[in-house]
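Structures incoming, each one as C-alpha cells.
One chain, chain A, links the two complexes that follow: it is found with chain B in the first and with chain C in the second.
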Partner chain A sequence: MALLEVRSLVKHYPVRVGLFSRRQAKAVDDVNLTVNPGETIGIVGESGSGKTTLARCILRMIEPTSGEVIFDGVDLLKLGQSSLRTKRRELAVVYQNPYLSLSPRLAVRDLVSEPLVTHTSLRGDALNDRVVENLEAVGLSADYLNKRSRQLSGGQAQRVAIARALVLRPKLIVLDEPTSALDVSVQAQVLNLLVKLRTELGFTYLFISHNLDVVQHLADRIAVMYLGKVVEVGTTDQVFSQATHPYTMALLAATPEPHPDRKASLVTVQGSVPSLTAPPTGCHYHPRCQWAVERCRHEMPALRLDEDRRAVRCHFPREYFQASKKFE
Partner chain B sequence: MKVFTRWFGFRFAPDSIPAHLRRDPLAVVSSLIIMIMILSAIFAPLLTSRAAEGLGEPNPSEKLAPPSAAHIFGADHLGRDLYARVLFGGRTALGMGFLIVFGAVLIGAPLGAIAGYFGGWLDEVIMRVTDVALAFPPLLLAIAIASALGPNLTNAAIAIALTWWPWYTRIVRAQALALRERPFIEAAHVIGVGNFTIIARHILPNVLSPVIVQATLDLGSAILTAAALSFLGLGVQPPTPDWGQMVSTGRIYFPQRWWYVTFPGTAIFIATMAFNLLGDSVQDANK
Partner chain C sequence: MSLLEVRDLSISFSTSHGLFRAVNGVNLTIERGEIFGLVGETGCGKTVTGLALMGLISSTGRVTASRLSLDGLNLLSTRNWQNVRGRRISMIFQDPAACLNPTFTIGQQLSHVIRYHFHLDSAATHHRAVELLNDVGLSDAAHTLRTYPHQLSGGMQQRVMIALALASGAELLIADEPTTALDVTIQSQILRLLKSLRDKHTLTIILITHDLGVVAHTCDRVAVLYAGSVAETSSTVDLFRNPKHPYTQGLLGAMPRHGTRGKPLLAIEGSLPSGINPSVGCPFAARCPLVMKICRTDNPTLTPTENAHAIACHLY
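Take a look at the complex of A and B:
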C-alpha cells in the first residue's frame, strides 16, 4: 500500500486584480501523486510551479482548496487539530534555509529535543542521550549541544535541521530544497548524508528541488511540475534518459554538463513563466513550447498514463522525443 | 540564570546592547546612578548608624532638626534621620518600580502574544479591552483601584500595574504578528508543538528586546507614579519609609523646614531621571 497518496489536490489563492474583480491563482491544480514506503520521489519545477505549495498542502501548513491527502491510511485533510497534531509525529520537514527554520534563540539541544518533548515522555538524561545520538547520526557531536544556529555554518545548521527531522524516525520526510541555500561544497555532503540516512534507517523522502542534478542523485521517481500541474512522472532513469514532455526536455537541457563533446541542446525554454492568475489556454506550456500546434492552444492535454506508472501531460509526447533526438 | 536559560531558551540581554551603550555617556552616567541606588538600597543598614529610625522608630528629642553633621539631611517631624529615611525609602521605591513593571509585563506580554499569534476574534477582543484600559488616565484609574483594594504597598503596585499592561500588550502583539509568519514558527507547528508552547518557547523569547527597552523607560515613571499614589495617601502607609509619603508629610513644614521635602523629592527626581535617560539610550541602541 502506498504510504502517501495525493488525490486531485487543488490549492487556489484568491488574487485581487483591479479594484473589484478577483481571480483565482491556481498554485496547485489537480495534482495526483503516490509515494511508496522506502521510496524517494523528487518533485521538480521552476519557481512558481507549485512544488512548495504542494508540499505545504500535504503537511497542512496551508489548507488546500480540495482534494485528499491519504497518509498512512488516513486522510490528513479530514483530521481535527488534535489528531492531526498526533499524526505529525510521522511527518517531518527539512526546509531550504536552516537559519530561518531554526528558532534563533534556542540551543541545538532544545531544537533537536523539541519533537521528542512534544511527542514522547523522554526527559532528562535519556532525552539528552537521544539528542546526542541523533546529532552523531548527522555527523555532529555533543559539542554542538549548547550552540545556537547563528554560531553554526550553513552545513552544520542544516545537519541540525536534519537531526531534528529524523529524531522521531518519521515515516515520511519532506525535503524542501534542503541544499539550495548551501554552498556548493557543502551541498554534496548534505546529499550524501541524506542518502546514508535513507540506507541506514529506511526513510521515505519527498524531495523538492529545482535542480535536476540534485534530484537525480537521490530520487527513485520524479514528478515534473509546471504551473501547478504535474506534466511528467517516471522513474529517474526514464525521466533522464527518455524525457517525453517538452518542458522536461528543456529542463534537462538547461542543466549544464561539464563535457567537451556535449553540444548545447536545441530544446530551450522560451519566454518566462506565465501568470498563475491568467494561465495560457489549452496546454499551459504551449507559449513556450517550440513544437506547439493549433491543438495545443485550445485543448489541455490529460495526464496520459502509460505502463509502469509513467505519465505525461502532452498531446504528442513520443513524437517530440523522437524529433528532438533526430536534431541532436 | 542557567535554569532560566534552559527553560526559556534565551539569554537575558541581547548582546548588541552593551557595546552601543558604552559609547553613550548619558547611558554610562545613568546606569552608574541606578547601580548606586540599587546598591545603597540593598546595603542601606550598612550605610547608616540609624537604621531603626530609617525603618520608622521615632526619636522625639531631635524633632525637625536641620541638616548638621549628625543628620546630614536633617530630621523629620518625629525626629527620624532623613538620610536614613531616604536610604530605606529607596528600597520601597525601587521595589515598587520593579514590582509594577514586572506585573505589567506579566499581564501584558502574554496577552499581546496571544492576540498577535492567534489573530481573529481573540485578537479583536484583547485589543478592544486594551483600548478601553488605555482610555483611562492612568493615575486616575490607579487611584480608583487602590482605594477599592485598600491602601498598602502591594495594592498600590497592583493598581499601577493594572493601568500599565496595555502598553506591553501592544508592543508584544506587533512583534508576534510579524513573528507568526517566520519559518521557524511554522516549523514548530508542523512538528506538532502546541500553540501555547509555541508562544512560550518561540514567540515570547523573541519579543524580549523591545519589552526590556519599554520596561527600562517605564521604571522611572513607575517610581514616580508610586510616589504620587503615596503622596495622595493611597500607597505606602507610615511608618514604612517612602519618598512620596515623606514629601506628602513634609510639605506642611515647607518652606521653613525645607529639608523635609527637598531630600526625598530630589531622590524621586534623580531616580526617575536616571531610568528615563537609560531607557532612552537603550531604545536608541536597539534601533
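Take a look at the complex of A and C:
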C-alpha cells in the first residue's frame, strides 16, 4: 500500500487585481501523487511551479482548497486538531535555510529535544541520551548541545535541522530545498548524510528542489511541476534519459553540467514563467514550447499514463521525443 | 597587451575582531574579448575582488597591489574613479530587483546613465535607449521603457541591468553571480546573451560565480579561488579535463550529476578557514586529502605548468 497518496489536490489563492475584481491564483491545480514506503520522490520545478505549496498542503500547514491527502490510510485533511497533532509525529520537514527555520534563542539541545518533549514522555537523562544519539547520527558530537544556530556553520545548522526532523523516526520526511543555501562542498556532505540515513533508518523522502542534478542524486522517481500542475512523472532514469515532456527536456537542456565538451542543446525555452493569476489557455506551457501547434493553444492535455507507468501531460509526447532525438 | 592586469592584489578589512584578510595576493590577467570565470565558494573573495576593480571597497577596507592596470591605465593611482567606473568598467549584481530604483521607470534610469556619459539630446537619448534594450533581447523596447522594475520578471530585470551597464560604453563588464537568483531556463537565456554581447560588441566579461556548471558553458578561461587566493587557473577546457589542485578536484567531485545516484559524493570535509589570523602554510591544508608536511608550513605560490595552466600546490 502507498504511504502517501495525494488525490486531486487543489490550492487556490484569491488575488486582488485592480480595485474590485478578484482572480484565483491556482498555486496547486489538480495534483495526483503516490509515494511508496521507502521510496524517494523528487519534485522539480522553477519558482512559482507550486512545489512548496504542494508540500505545505500535504503537511497541512496550509489548508488546501480541495482534494485528499491519504497518509498511511488516513485522510489528513479530514482530521480534527487533536488527531492531526498525533498524526504529525509521523511527518517531518526540513527547510532551505536553517538559520530561519531554527529558533535563534534555543540551544541545539532544546531544538532537537522539542519534538520528543511534545510527543513522548522522555525526560531527563533518557531525553538527553536520545538527543546525543540523534546528533551523532547526523555527524555532530555532544559538544554542540549548548550552541545556538548562529554559532554553527550552514552545514552544521542544516545537520541540526535534520536531527530535529528524524528524532521521532517519522514515516515521511519532506525536504524542501535542503541544500540550496549551501556551498557545493557542504551540499555534498548533506546529500551523503541523507543517503546514509535513508539506508540505515529506512526513511521515505519527499525531496523538493529546483536543481535537477541534486534531485536525481537522491530520487527514485521524479515529478516535474509547471504552473501548479504535474507535467511529467517517471523514474529518475526515464526522466533523465528519455524525457517526453518538452518542459522537462528544456529543464534538462538548461541545467549547466560541469563539462565543457557538451554540445549546445537544440531544445530552448523562450520567455519566462507566465503569471499564475492569468495562466495561458490550453496547455500552460504552449507559449514557451518550440513545438506548440494550434491544439495546444486551446486544449489542456490530460496527464496520461503510458505503458511504462510514466505519466506525461502533453498532446504529442512521443513525437517530441523522436524529434529531439533526430536533432542530436 | 592584456586588457586588465592584476598583480599581488590583497584586500583586508579592519573589524572589531582584528584584521580580516579577504584577498591574499591574487594575480589575474584578462585578455580583451574573453569571458573570464572567477569561481569559488562563499567567502573565497570573488566579490571583493570585483568590487576592488571598481574602486568600491569601503573605507574600512585596504586594497594593495603591485600592479592594477586597465589597458595601461594605473587604477592604483586613480583619484577620479568617475572616469573609470561605468565609463570603462561596469558591474552587475546577483539581485537585479535590489539594484534598480523602484520609483523610476526603466526609461528614466536608462536615459539618466546615457546622458551622464554622452551629451545627447532627448530624441537621441531615446533612440540609444531603445537600441540598448534591443541589444539585450528586450524586443518591445518602447513599452519596456515606460514600465517600472516591479512590472518586469527577474530575467527581464537582469537584462535591463545589463543594458544599464552597457549604456556607458564600458569595455569590461564584471558580472557578479548574474544568474544565481534566476531559474535555470532564464539562466541559460542570460548566459547566452552575455556570450552574444561578447561576440557582437567585443565586450570583455569577468563572470563571478559559485557554479562550475555555469563556468563550463560560458567561460574561456577560469581562476578557482580558495580563501582569498587563486588555487588554480587555466583554460576552461583544461580545468575540467585535467583538474590539478585538490580543491578543484574536490569541487568537481562534490557536484551531483547524472550517474552519481547511489554513489557517495566526494565531500570536502571541514569548512573554510577564518580570514582573521589565518594559519601559515597552504590555506587548503586543513581540508586537503593529499596534505603533506610542507603544506602546513609553506604557502605554495601559483606556478605555471604547460598549456598556460597554473596551480598553487606543492604537489606540482
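Everything that follows uses one rule, which is that the second predicted complex is superposed on the first by the 325 of 328 C-alpha atoms of A that agree within 3 Å, B and C clash if a C-alpha of one lies under 4 Å from a C-alpha of the other, contacts with A are read in each partner's own complex, and residues count from 1 in each chain.
In this section, contacts are C-beta pairs under 8 Å (C-beta built on N, C-alpha and C of every residue); 3 or more make two chains touch, one makes a residue touch a chain.
These numbers come from a predicted model, not from an experiment.
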### Message
Under the superposition described at the top, does placing chain B and chain C together on chain A give a clash or a fit?
### Response
fit
## Note on the structure
Value for angle(chain B, chain A, chain C) over C-alpha centres, in degrees, nearest 10, is 80
### Task
Give one of first, second, both or neither to describe whether A:Ser8 is in contact with chain B, with chain C, with both, or with none.
neither
### Message
After superposing on the shared chain, does chain C or chain B touch more chain A residues?
### Response
C
### Task
Classify the contacts of A:Ser83 with the two partner chains as first (chain B alone), second (chain C alone), both, or neither.
neither
#### Entry: Contacts of A:Thr281 with chain B and chain C, given as first, second, both or neither
neither
### Query
Which holds for A:Ser66: it touches chain B only (first), chain C only (second), both, or neither?
neither
### Message
In the overlaid three-chain picture, which partner chain does A:Asn97 touch, first (chain B) or second (chain C), both, or neither?
### Response
first
### Query
Counting only touches as set out at the top, which of chain B and chain C does A:Val195 meet: first, second, both, neither?
second
### Minimum distance between Cα atoms of chain B and chain C in the superposition (Å)
12
#### Entry: Intersection of chain A interface sets (partners chain B, chain C)
none
### Query
If you look only at chain B, which of its residues touch chain A in the complex?
9-11, 182-184, 186-194, 197, 201-202, 205-206
### Message
Residue numbers of chain C touching chain A in their complex, please.
### Response
41-42, 153-156, 183-189, 191, 210-217, 236-237, 240-241, 250-258, 260-262, 264-269, 271
### Summary
Per the touch rule above, chain A residues touching chain C in the complex are 46-47, 153, 155, 183-189, 191-192, 195, 210-214, 216-218, 236, 240, 250-251, 253-262, 268-269, 272-273, 288
### Query
Within the complex, which stretch of chain A touches chain B?
59, 61, 84-89, 91-93, 95, 97, 100-107, 110, 114-115, 118-119, 164
